[in-house]
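Chain IDs A, B, C, D and E follow the sequence of writing; residue 1 opens each chain.
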Amino acid sequence: MKQYLKNTWYGIWTVLIGMKITFKHLFTPAVTIQYPDVKVPLPERVRNRLYVNIDDCIGCDQCSRACPVNCIEIETVKSLPGENLGTTSNGKKKALWVTKFNIDIAKCCYCQLCVPPCPTECIYMTDVYEFSEFERDNLVYKFANLTEEEAVEKKSNYEKFQAEKEASRQVGAAASAKPETPVKTQQENKNE
Amino acid sequence: MYQFLFNLSGSEIIATIFTAAVILVFILLFVLFAVWFERKVSAHMQDRLGPMRVGWHGVLQTIADFVKMLQKEDIIATEADRKLYTIAPVLVFTGSFAAYAAIPFSSKLLGSEVEVGIFYLLAVSSFVVAGILMAGWSSNNKYSLLGAMRSAAQIVSYEIPTALVVLSIVMLTGTLSLEKISQLQTAYFWNWNIFGGPEFSLAKFLLIPFMFVGFLIIYISTLAEVNRTPFDIPEAESELVAGYFTEYCGMKWAMFMLSEYANMFAVSAIVTILFFGGYQSPFGYLGNSIGAEWLVPFEQAFWFIAKGIFFVFVQMWLRWTLPRLRVDQLMTVCWKYLIPYAFLNLIIVGFISLL
Amino acid sequence: MKNPEEIFELLKKEFPEAILGIDKEAPTEPIILIDPPQIKTISLFLRDNPELRFDSLMVLSGVDDANGTKVKDEDGTDVISGGTLSVYYHLHSVYLKHKITLKVSTPRGNPQVESVYNVWRTSDWHEREAFDMYGIIFLNHPDLRRILMPYDWNAGYPLRKDYKNPEFYQGMKVPY
Amino acid sequence: MALKTETMILNMGPQHPSTHGVLRLELELDGELIVNVKPHIGYLHRCFEKHAEAMSYPQVIPYTDRMDYLASMYNNFGYVIAVEKLLGIQVPERVEYIRVIMGELQRIASHLVAIGTNGLDIGAFTPFLYLFRDREKILSLFEMTCGARLLYNYMWVGGLSHDIHPDFVRLTKEFINYFRPTITELNNLLTFNKIFIERTANIGVLPLDTAINYGVTGPSLRGSGLAFDIRKEDTYSIYDRFDFEIPVGQGLVGTVGDSWDRYYVRILEMEQSLRIIEQAIDQIPDGDVKAAIPKRIKPPKGTVYTRVENPRGELGYFIISDGNLNPFRVKVRAPSFVNLEVFGELCKGHLVADVIAILGSIDIVLGEVDR
Amino acid sequence: MGLLDKEFSDGNVVIAKVDDLFNWARLSSVWQLGFGLACCAIEMMATSASHYDFDRFGVIPRNTPRQADAIIISGTVTLKMATRIKRLYEQIPDPKYIISMGSCANCGGPYWEHGYHVLKGIDRVIPVDVYVPGCPPRPEALLEGLLKLQEKIRNESLRKKTV
């Protein structure tokens, strides 16, 4: 019988305590951040959307090797010896045309493993988090600044240059049977 | 109200239709308000803001929900029993809507002065049980069957403590009609039944603790009758997905929600009439003091609705504080705790009323 | 509190022919090799012997040793044939606070190991997972069926080194 | 002739509001009483072990985050300790201290979600939101240091990805003072609430010897009365420098080892984690966190098995390396996977509503169960 | 057969006005099916918690597919789960929308290469309306995804698309 009364009293008492707490919270100010009108500034180390400063990129492929998900595709074409591709911001001379630099941000897992290995720090994570799309394909970001035909043109004159070198080596090999002519062809080759 | 319309139109049919229409409009408006009110109360209790973007502070939220539900496709499961499936929500709504016929909103606005008001109310609430069982059985889904069984058992077993407490009040006031009970508890709150009733005598002071116990018992059991936490097992999301209305969608489900909120107000109306002086105002009538007799009924209606909404607020307050009881615990609370206390209360009130 | 060498000596004395040896030189933990049919009796002994009291099996992991020969099957991809699949048992005593690792190797053709379900109940799902991922059959296990993969997955055992993705599964393209 | 009744199979499908993700429970019911529970898992099997074999050692860390996504800091911690033991490198003191602080903060955050969802399953919606509001404060601490809210990739092999933020120490102290009173508020609102006690006391009692035989670890085992905590057992990292007790279930409201005990042990553990953070936050030595990170990780041929005290139990990493850049085999002993096995045993003879209460009290995360 | 089977052919003022009302109602009370898969589900819970409050936009988690309007696919969809999601999708009454939250739901995310049991993107099983990238996306990103969905609903119309 005593347990019976204790149960009733304990039940009513704890219900009242609970109601007191929730009633107190009725008047504490809400902690909600009203998102579309109030945008909270994010801390500076935040990891959201990837951005690549393509002018600084020397096409060294470090970031795509470090990425566990392989969502960075880079295609580079060797530049001809004479061509001048300008230098990156910290003065490193660029030697490769970056014809294709795609990041499939839908696959990316935002782990920031690609940022440390980049020698020129051209890939980093910005704090932009509003980039949802209606189409899945818009999530593949193309950072390369060469247009299609420029890329094709670069590739073709590199093949032309390759074929030329191949031909001159045949000529050189054939000429090596007759020793006196090889030296000149190498020279001519270099300063072309 | 009915009398006034009867003289006006001369034919009963138009009068009854019109009074019913007034009360139906009140219920629809109340439900629109109550759904928004519940979401705002629950939000602010949880330190968040609730609907904000749909009108000033989300005022149009319920209208948006209602119009959206109009556009929903109406899926009826193939094996579902089509006829029962469609009648169930209608039956549940009639159950709760019929209860309003006997509730006196003010001395003038009264559905029908029926002599056996309280008795009629208790009888009519069993429509809801039939409707719920029909819904649970006809949607041919294990979850709804379990949910319907549980809620039927719950509502039927919680009618007994309600009836017992009502008996103790009827013993005190001597009448069954809600109209007279409200009239007895004339102005000034110390004449309310919760404070021992109108006559000024020793019995009044003895009654106060037992009236308070009676109020607690009837409030808890009417909570269970309306399936609100901590007794909302039928729609216990975590166990039975959504109880008996798992298969209902669009407007049929809206009908269930409509009847739930209408029931909430009906039940809190009963509690106000029995214990808190129905439409009597706690501080006397402004109308009397400044001599404008026609103002009094409107004041009475205002006070009645204010008290009803306060008790609906307490129901919501309980919902967002307490966890849920298990089915067998719910039965033990009813049979082993509420009913013995209600009997004891009845006997003691009986003795005191003999003094 | 016994270190693994003492436990190995004790076991060697108890089951001379079942214990195949202890391999100590690889870093961080000595492993006791055991011959597959005897694993159940040894485990019972390890659990019930008052000095050892290994009452909890921490983890049971299947491993594809990939030490068979690479051979080309019909559509050109290489399949490992021969070699062994092995099962590692990491045991731990809650009261005497010492740990031991057992290893059992079975041929890749029909990998069969005695189930230790009756010794430690926790091995129930671990063994089902080893079966699901490697195809190691655990003899008299209560209900040996796939646990992680869909029950009707008939494209082989995924964690083997020579596993190939099926083209379709119930109408959904599997590879990217 | 006894009335022939047959049991009803109720399927609590993968989409169920309270099964903590995608777990399918096949309940065999006799009326409302449970005859047998058969959990079906594998709906979130994301092939972690296949990925671990195809990636180099540092690249596996983001995948360990995604296994137990409520305590990803501790998943990194376990993996990183295993690889460091294999390589035999010793990390600087500063890294050890920061790892312990981050691990304990993550334990509090994970327990907050565990307690919140346990209350949510029983119907108390408000405490769940209060706890999530407090958890947001811990998440902002993590976001300030490593930039991510939930999956951090913060602990690297041999060090950390970022040093702690300059005002991290001040904000952590603020959090500790803010958080203590909210625990008492939670206790008043939910823990000692009669209805909550009614729903969890004497439900799903786990006797100690079946717990050990089933390999149950963590708060579920400590709820049954055994003070078994790997931070004290194996004393990995520098946990031996801090003094903290291991809370154990005493059966205050029901028998020892019921759902309420497992729930209450988690609340006491949060208190202990606060004590550890308080002791550790003042003694952080200075130094460079990236000093011991090797350029190329090629561990020698061999095996290692280390275990850490994940908020859900004993998280073990068994790594076999055959000497080249990718691990040969990484097997994870996930605590939720093992704790879920005992679930069928706990539910026999209870009601359908108790299944949810028991599942909430053993606190599983499906990402870890299915790996 | 919903009201929106787009069989009204000519656009006139009445249709335009009714459009706005229906669209406004549909977009301001999107009821999401309360079900999460993996890590993104935790961020979805954080979004419906007090700090970011989904309820401000009129979004309530509903338990049965019958009463839901939208599913937020939050987490990795495995092959074993994909058949279940397809059946859930079919249970929802007609004007329904899908938000694919997180890299895993968009295209298989970090598991696209070696995940033998992972479905490479939910759009292979059900049509998706909005892709929210992120792993896991911040609660604000999910809210922005919802705003984009509301924008899309605002432009829907009863008129048959005269293509």
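The rule is simple: a contact is a pair of C-beta atoms (placed from the backbone, for glycine too) under 8 Å apart; a residue touches a chain by one contact, two chains touch by 3 or more.
Note that the coordinates shown come from a computational prediction; the quantities given were computed from them, not determined experimentally.
The chains in contact with chain B and with chain D alike are A, E.
By the document's definition of touch, common neighbours of chain C and chain E comprise D. Put simply, the chain closest to the centre of the protein, by Cα centroids, is D. For chain C, the chain with the farthest CA centroid is B. Note: the chain lying farthest from chain A is B, by mean C-alpha position.
Separation between the centroids of chain A and chain C, computed from CA atoms only, is 41 Å. Between chain C and chain D, the centres computed from C-alpha atoms are 26 Å apart.
If each chain is reduced to the centroid of its CA atoms, chain B and chain C end up 64 Å from each other. Taking each chain's centre as the average of its CA atoms, chain A and chain D sit 33 Å apart. Of all residues in chain A, those that touch two or more other chains are 7, 15, 18, 21-22, 25, 30-32, 34, 68, 109-110.
The set of chain D residues touching two or more other chains comprises 16-17, 42, 45, 47, 50-51, 62-63, 66, 126, 129-130, 133, 136, 151, 189-190, 193, 195, 370. Of all residues in chain E, those touching 2 or more other chains are 34, 49-51, 53, 56, 63, 80, 108, 110, 112-113, 116-117, 135, 138, listed in ascending order.
Contacting chain pairs in the structure are A-B, A-D, A-E, B-D, B-E, C-D, C-E, D-E.
Those residues of chain E lying in contact with chain C across their complex are 79-80, 82-83, 108, 112-113, 116-117, 119-120, 124-125. Taken together, the chain C residues at the contact with chain D in this complex read 26-29, 31, 55-59, 61, 63-64, 88, 90, 94, 97, 101, 120-122, 124-125, 133, 146-150, 158-159, 161. Of all residues in chain B, those touching chain D in their complex are 42, 45-48, 142, 146, 229-230, 232-233, 236-241, 320-329.
Chain C meets chain E in the complex at residues 148-150, 158, 163, 165, 169-170, 172-176. Touching chain B in their complex are the following residues of chain D: 8, 10, 16-18, 32, 119-126, 129-130, 133, 189-190, 193, 195-196, 198-199, 351-356.
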